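In order of appearance the chains are A, B, C, D and E, and numbering begins at 1 in each one.
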Amino acid sequence: MNDTLLWLIPTLPFAGFLINGTIGRKFPRALVSTVALLFTLVPALIVLKLWMYMKSAGAPDHFTLTGAPWIAISGYQVNFAFAIDHLTLIMLGIVTGVGFLIHVYSVGYMAEEEGYWRFFAYLNLFMFFMLVLVLAASFQLLFVGWEGVGLASYLLIGFYFRRDSAANAGKKAFIVNRIGDFGFLLAMFLLIAHFGSLDFANVFGQVNALPHGLTGGFLTAICLLLFVGAAGKSAQIPLYIWLPDAMEGPTPVSALIHAATMVTAGVYMIARCHVLFDRSPFTLAVVAIIGCATAFFAATIGTVQHDIKRVLAYSTVSQLGYMVLACGVAAYSAGIFHLMTHAFFKALLFLAAGSVIHALSGEQDMRKMGGLWKRIPITFWTMTAAVFAICGVFPFSGFYSKDEILYQTFIRGGALGYTLWAVGLITAGITSFYMFRLWFKTFFGEPRFDEAALAHGHGAHADHDENLAPVHLHRDTHAVMLAEPGQPEHDKAQAAHPHGVHESPAVMWIPLAILAILSFIGGWVGVPAALGGHNEFEHFLEPVFATGATALLPAPATSHALELLLAAISLLVVAIGFFIAYIFYYRKPGTAAALAARFHGLYNLLDHKYWVDEIYGRLIVSPLLGFSRLALGGLVDGLIVQGTGATLAGGTRGLGWLARRMQSGNIRSYAGWLAFGAAVVIAIVLFVVHPTHTNTLTLSR
Amino acid sequence: MVPTSYYLILAAVLFSIGVCAFLIKRNVITIFMSIELMLNAVNLTFVAFAHMWHRIEGQIFVFFVMVVAAAEAAVGLAIIIALFRARQTLNVDQINLMKD
Amino acid sequence: MPTSLLSILPEVIMVVVGVIIMLAEPIIAAGRSRKPLGWLAILGTVAAAGAALYQHSLFYQFQWRTMSAFYGTVQIDDFSVFFHLLIAAIVLVILLATLDYFEGTPNSHAGEFYALMLFGASGMMFMTCSVELLMVFIGLEISSISTYIMAGFRKGQATASESSLKYFLLGSFATAFFLYGIALCFGATGSTSIAAIHAGIATTTTPHLAILAIAMVLIGLGFKVSLAPFHVWTPDVYQGAPAPVVGMMSTAPKAAAFAVLLRFLFNGMPALRPHWIVLIEILAIASMCIGNLGALVQKDVKRLLAYSSIAHAGYLLVAFSSTRENAISAALFYTAAYAAMNVGAFLVITAASGYGEESRTIDDYTGLALRRPGLAALLSFFLISLIGIPFTGGFFGKFYSFTAAMYTGHVWLAVIGLINSGVACFYYLRLLSALYTRPVTATESTLATRRVAVPAGIALAATALATLFLGIAPGRVLHLTQRSTPVTLPATPAPNPEAVQPPATGE
Amino acid sequence: MNLDHSILTLLILTPLVGAIVVALIPDREDGSKLHHIVALVVTLLTLVFTLHLPAHFDYATFGRFQFEQNTDWIANPAIRYHLGVDGLSMWLVVLAGVLAPLGVLCSWNAIRSRSRLFFSLFLLQQVAMIGIFVSLDLFLYYGFWELSLVPMALLIATFGRTENRRRAAIKFFLYTFIPSALLLVGMIWLYARTGTFDLPTLQQLAATHAISTNGTALLLCSLAFLFAFGVKVPIFPLHGWLSEAVQEAPTAAVMVIAGKLGLYSILRFSFSIFPEQSRQIAPLLIALGAIGIVYGALIALVQTDLKKLASFATLSANSFIVLGIFTFTISGLDGGAYQILNESLIGAALFILLGLLYERYGTYDMRDYGGLAARHPWMVTFFVITGLAAVGLPMLNGFVGEFLILSGAMQTFVAHHVLWTVVGTTGVIFSAAYMLWMIQRVFYGSLGLRPEEVPGWDINPREHVELWPLAVLFLVMGVFSPYWTKGIETYTTSIASRQIASAAGTPVADRPAAQPTGFVDPNLGAAALGKQAPATNKGARY
Amino acid sequence: MELALFIIFGLLAVAGALNLLLQRHPINSALSLIVVMMSLAVLYWSLGAEFLAAAQVIVYSGAIMVLFVFVIMLLNAGEEDTSPASKFSRAAIIAGFPGAAAIFCLLTFVFLSERDHLGAVPIGGYLTGAVNNIEVLSHTLFTSQLLPFEVTSVLILVAILGAVVLARKEQ
């Protein structure tokens, strides 16, 4: 395998970013998309070649590429180095493949947008950082990608920066991610302090060399801190709050970053560091509990959302919970498996939702949809595949991956294992319910949208706020001054855009179709033995996960019968979810509202997402800002820091006034001072004698 | 026989009265006179010491002090006259244009 | 030339030229310019400086350390030559600056001014070369009386005569103390010659009188150099007196008084050092603190500089806490540095505000840099030197002074001094920043806009260069000052300090 | 003729001559840019000269100064004209060289009248700054140190933004001058003890404990040094002057007002002359550094004035460096020294950008801004890049420094330090918060009040010239850090290794590479760590 | 006898000084000062300074005080203003008088503590018959103290010049 080619995997998107980012605004749109697509397609092809190389006989199951040193000081060095193994390969495939498809989709979706060049530049930047993340051979380089995707996410969420909500969401995402990074950084510092390196191979080698019985201790600290990072990136409790808000970004962004790739980085990282996590059963338990809780918690919120993208966002959080749960029960390959299938179906869900929104000229509220299945059939069918996949309907991809997780959780055993399994199972039911709810509300029933309004309104996207359409991004100042609020652009857009409900163009639905196929068959690579498969996926990842403490522990007893039983149970639960949704939203559309009225408190709680944002606001953000403003800014800085200086200055000045008081202007009082001074001087001379005085040193030494 | 210290104490008394006079009197000329009183007190000290040491330098010094006093008187009174011309007062309490 | 005349040659030249000017003054018609007299005075001053240098060259030629004349009344050594040159230089610069100062002012008495300046300078020179307290006293009186008169020179101004009167009355008051001190000194040792006092201290039966004498002399001289708490006259007198005169009287008589103090303390009373050292410390601290604190709240620029001169006297006095050689060389350096920068500052004020002194307060100086950037730059430079920023004379002055104190372990004196110089920069900066600030009100401040005359320009340049030179190559001058410790004649071994310990004061 | 022996003098003289030349060109009312051009030429020339240093620097020489010049200046006191640089000061000199032309450029339009005064003062400030970095004689250094105050104070007093300028100038001056009076006391004391001001000599004396046997006096003296430097940095809570000075000072001045001079001085003088005393006081400084990070960031978070925000951001950023250098680990020292460069560049970029905004809209109040991203796409780009560099995004320069600092702090393995490391690391969260908050308020959302009234323009070619080099440097320094750190290490290794020798008393190599039994979970067993004295030397490995 | 002389004239001098202090009119103060000076002249004589006693009467009381009286007349100085506007200076009361008292106390303390070493004074000259007081004085004046004597002329010159400058009425 040619090293240069491998280096090209991340650098090409970066080149794309630089080209589009600096001079892209002068390009025609076609050139922008050509550059962006080309610089994503080529890496995808290289990954394909790499895949074939790795599959070929005699190829190493992992190898490292080392480049120039990045930081080099005495005693510590980190290089630009990429490590490639099977895990990386899977991630590379997902990132480049799904990434490329979403790029294609975006060409159509963003066609009318201002800042087209900017969008693709950011997307390419994201690809670069994501690829660095998965390729990195050290924690520190991983952190580059880690932070970088956060940046790209920030930029893309805030793509419609005119809208305060978008800008806020971008900021929120970055800051919450930073909280996670805080943990990640501390973990890295501890790693350096203990192992003197951040190189994966080096660190894991040292950990593996530790006595087998050694667990916990500082490793627990490191793992917990790493998990803080993962929780931030992968939107786990308590740091999940940024992800729903991130839906402010354009829909392809939600698909790529906030569903398929970036948010799974946390899961990837845990899997990558499994050697460490295996040494800390406590952390694993924490991971499992948090993952499971997140899955359940987010799913419940998802049941009452009306915004189609928000439903998907909470489902993403929920599914990420499953992956984390998998990691927590040390079923890393199951987690990665679900990561992959999730990438397919969740990207598809978002893209299809985008297609719906596109069709309805920007409508995102499911209450204003309905009966769309005939109007936009391609979208409908692809979305259906995705919904079935996410709900885990046999034989869609989601079925295999989710079942694997639930099974692994169950066989972990113990009260914790069973509880987690139960919660996971219920979550699967809820998932089925809210996904089918979405499905029914969107595609079935009476059309609830205002066809006439759609026909006359212009074809702006959901992401546009009517008043704040981001125009003139590439115009110079004078144009801005003259053209506010930019009517000519609007007219042009209107003229160019077909009115009414419409199916998306081919450039959008082809990626949908591909992803739909993947959602359907994607799970077949991991068919468990119980279902007659060979679980090739797990075997593929074995070289990666075979090391570490888990591998040394006795494997829990497995049973095909149990596995089949559990699969059947979960299918049953899914079916129940489907039927509830069917009844509520298809057969008797009023039921849901009635129930909501009946259980008003519960509904309210869910509708307000458990008031978590508000609680954070009241308990953390406001007190912190208040503390900064009043206690720090006012008290400490104003009174103590500035006050000390002011007091000293004022005191000195006051003494100055005193000295000035001596100066009454009256000769007699002057004489008085002189006499007084004279008396003092005489007294001093007479009565005070210097005890010692040395004559030892001279100036002219 | 009178102890020399008596003369010195007398001089100290006169000197202190001179200082007090400087502090009390309001008329510039009188204040100037109190300085003369202080100089006289110093002169008495000089003479007493000259007597004690049996050295003539003390008396010479007194002689020079008298000359200096005369010169100072000339200049001082001239300054007082100039001030009176400018301000029409001899009261020190009113000579306080400059303060603080 | 007889040695005796040679030894007082600078003073003689000053006096003779002064007399000539005095005699020539009435001859020149009333309305005519007195500039020629000024040039004559300048010539005389240069000649006096030349004479001092000639004395110095004789030392080299004959390898003398000292030259004594008039029955040991005066003693010429490097110490006195240093001060002669310094005083001559100050007077020269002031004379240059005042050449055009009186022009166009009726009844300015310019001729008398020049004569008084020369007479006063001769008095100061006598102070620095006398080793007989009587002679010191006469010199002091000559310098004082001429400064009393010059302080009141702008007779039209009410403040001028008030300033003169205050200076005169309080000065005479202090003189009485000084005289008392000499009397007590005489009482303790039976002599008024410094050498004899040095010798007499060792054998005196009445050491308390000598101690008392130190106090009294310090009071008298402390007044002259405006040490707190004997500083009260300074602000008022400086405010009322003409700016060039203040430039002179804040430096030359102080230099002379410090010279006397150095000779008196280090040559006359070294045996009693444990007694006066504490006093020196306290006076130094008081002067620094009161001077700087007082200046903080001043609005009038001359008053501000008056307070600053109090503080500077304190900085200088810090040097006295060191050993003899260190103290004297540091003090001499400080005197020179202070003279350069302070004269410079007052010359700028002279140039900026003119004879009428319309610009008095800091507000009046706001925006000086806009109209007269050169003057503003010079004033900034002098202020920076007064603050004590490196590469200026003021900095090295302080540096040597505090280093000297440090050598005898007076760390806290140095700490207090340097903190004081930190406080001091506040008021200097207030003035400094005002110079560069655009005036808030639209009304033009009254700063004169006439050009600086050439001689005054030369004087300004000279002070600035001197300040800079002392800041860049202080070693040259320090070398000179280190050689310039006053010579004690006859050289007697230092007496055992134990012998002069006073009896317990409880009795 | 070999330039190596005179390059440092040349570096000092070039701006000095420039200042004199500028001062001699009279002000003209017709808005001519002659002063600007002369100043630009001079600063560019200086920059070219500074580049001579890294080109001819011997990276293999450790703990010794290069390009030395050592001649007599003043015999008494023994003050020598002793110049020289090591890797640390070399890069700082280059930094000063880089910042100066930027300062001139960003004053191009901001300074319209009295440009003669402005540029002469600016160039004098440049002289002082370079002088501080290259002086090896304590006294010479002090001279430049004080000299740097005057032009800065005058720049603030004369070219300040509001009526508060004089107050701010005086405050700045007093805050810096009074502590440096203490510094002078310390210097004089040292001189009285040793009779020399020569830094290498003093360093040797310090290494052999030959300065004084009086520990208290040495400690007090070191505190005097540290106090003076700390105010200049400024270290929390000595930052009282910073906010006002930053708010008032013109952009060109603000770029050099804080940080590097004080920090360099600590590294060069405090650490060299008082190695043990500095370590004695280190726990306090580490704590103050960590508190300063959070404190500055939190206050910046609630500011509405852009410059005030930037000033507290500066405090926060400088506190990182303080935290780093006082860990006395190689990592912390390297990171700290490197971060001085980074922070200066980032701060320069930030202040230039704020200056651009002010030039256009005449206010620093964030509430008046908003929605500028559409109007100024380039400006927002540079703002975001600068902001990201400031918050320590990997691949940009800020990250390398912060990472090394914090990891160095963690390596001290002292429970107390670990705690402060954690506190300091929270700074990455808060810094992101205030930076993004600021960017959002200025550039995102709907168009603000001022921009609605006033037409603005995006970055013009001159401004591009100012900002591109900085942006490129952010990236290059973030990616190729060894190029800089290898120079810095010629300095840091000598400082850090001495500590190990003195603290551990055992050779570094003797320690086993990994010692599992010594590991303690710092979060759980912080107290237990205190008892494990040997564990405190874990940093020795690095 | 000597003591009686000292006490009488000493008391007279103190009384004169106090009278100077207490009198409101400057002329009265001037006359009181003359009393002090005359008394001191007697004490000078008792201390063997015959020449100074004479000079005290002639120069001090005669010349200098006449000058004072002359100026008082010239400026037509009346009684001192005792209006409330011209009360004691506060600084003078708080600091001055205690200061003056302290000075006196300290001086007296020293003189008394050293009194044994200071000896006692017989009446008449210590320069017994053999040498004339005036002769010694003049001899010293023209030998060892020649320079001060000559330089005093400069002092007087300055004084004259100053008096002329200051007192001359401008047209």
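Criterion: a residue touches a chain if its C-beta (ideal position, glycine included) is under 8 Å from a C-beta of that chain, and two chains touch if they have at least 3 such contacts.
What you see is a predicted model, and the numbers here were worked out from it, not measured in a lab.
The chains that touch chain B as well as chain D are A, C. Among the remaining chains, those touching chain B as well as chain C are A, E.
Relative to the whole-protein C-alpha centroid, the nearest chain centroid is that of D. When the interfaces B-E and A-B are ranked by how many C-beta pairs touch across them, B-E comes first.
Distance from the centre of chain A peaks at E, each centre being the average of the chain's Cα atoms.
Centroids of chain A and chain C (each the mean of its C-alpha atoms) stand 77 Å apart. Taking each chain's centre as the mean of its C-alpha atoms, chain C lies 44 Å from chain D.
Chain centres here are Cα averages; for chain C and chain E they lie 30 Å apart. Once the centre of each chain is set as its mean CA position, chain A and chain D turn out to be 35 Å apart.
Within chain B, residues 8, 15, 18-19, 22-24, 26, 31-32, 48, 50, 52, 57, 60, 64, 68, 71-72, 75, 79-80, 82, 85, 93, 95-100 each touch two or more of the remaining chains. Counting partner chains per residue, chain C shows two or more touched chains at residues 134, 138, 141, 145, 148-149, 152, 155, 164-166, 169, 173, 187, 208, 212, 235-236, 297-298, 400, 403, 407, 423, 426, 482. Residues of chain E found to touch two or more other chains are 88-89, 92, 96-97, 99-100, 103, 106-107, 110, 114, 118, 145, 148, 152, 155, 158-159, 162, 164-166.
Of all possible chain pairs, the ones that touch are A-B, A-C, A-D, A-E, B-C, B-E, C-D, C-E.
Only residues 25, 68-76, 140, 143-144, 146-148, 151, 154-155, 158, 161-164, 166-168, 170-171, 174-175, 178-179, 181-182, 185-186, 188-190, 192-196, 206, 210-211, 214, 216-218, 220-221, 468, 470-474, 476-477, 480-481, 624-625, 627-629, 632-633, 636-637, 640-642, 644-645, 649, 697, 699-701 of chain A touch chain D when the two sit together in their complex.
Within the complex, the chain C residues that touch chain D are 369-370, 373, 380, 384, 387, 389-391, 395, 399-400, 402-403, 406-407, 411, 414-415, 418-419, 421-423, 425-426, 429-430, 432-434, 436-437, 440, 473-475, 478-479, 482. The touching residues of chain C, when paired with chain A in their complex, are 165-166, 169-170, 173-174, 177, 208, 211-212, 214-216, 218-219, 222-223, 228-230, 232-233, 235-236, 273-279, 282-283, 289-290, 293-298, 322-323, 325-326, 329-330, 400, 403-404, 407-409, 423, 426, 482, 501-502, 505. Those residues of chain B that touch chain A in the shared complex are 19, 22-24, 26, 31, 92-93, 95-100. Only residues 8, 15, 19, 22, 69-74, 107, 109, 112, 115-116, 119-120, 122-123, 126, 132, 134-135, 138-139, 141-142, 145-146, 148-149, 152-153, 155, 164, 187, 205-206, 208-209, 212, 503, 507 of chain C touch chain E when the two sit together in their complex.
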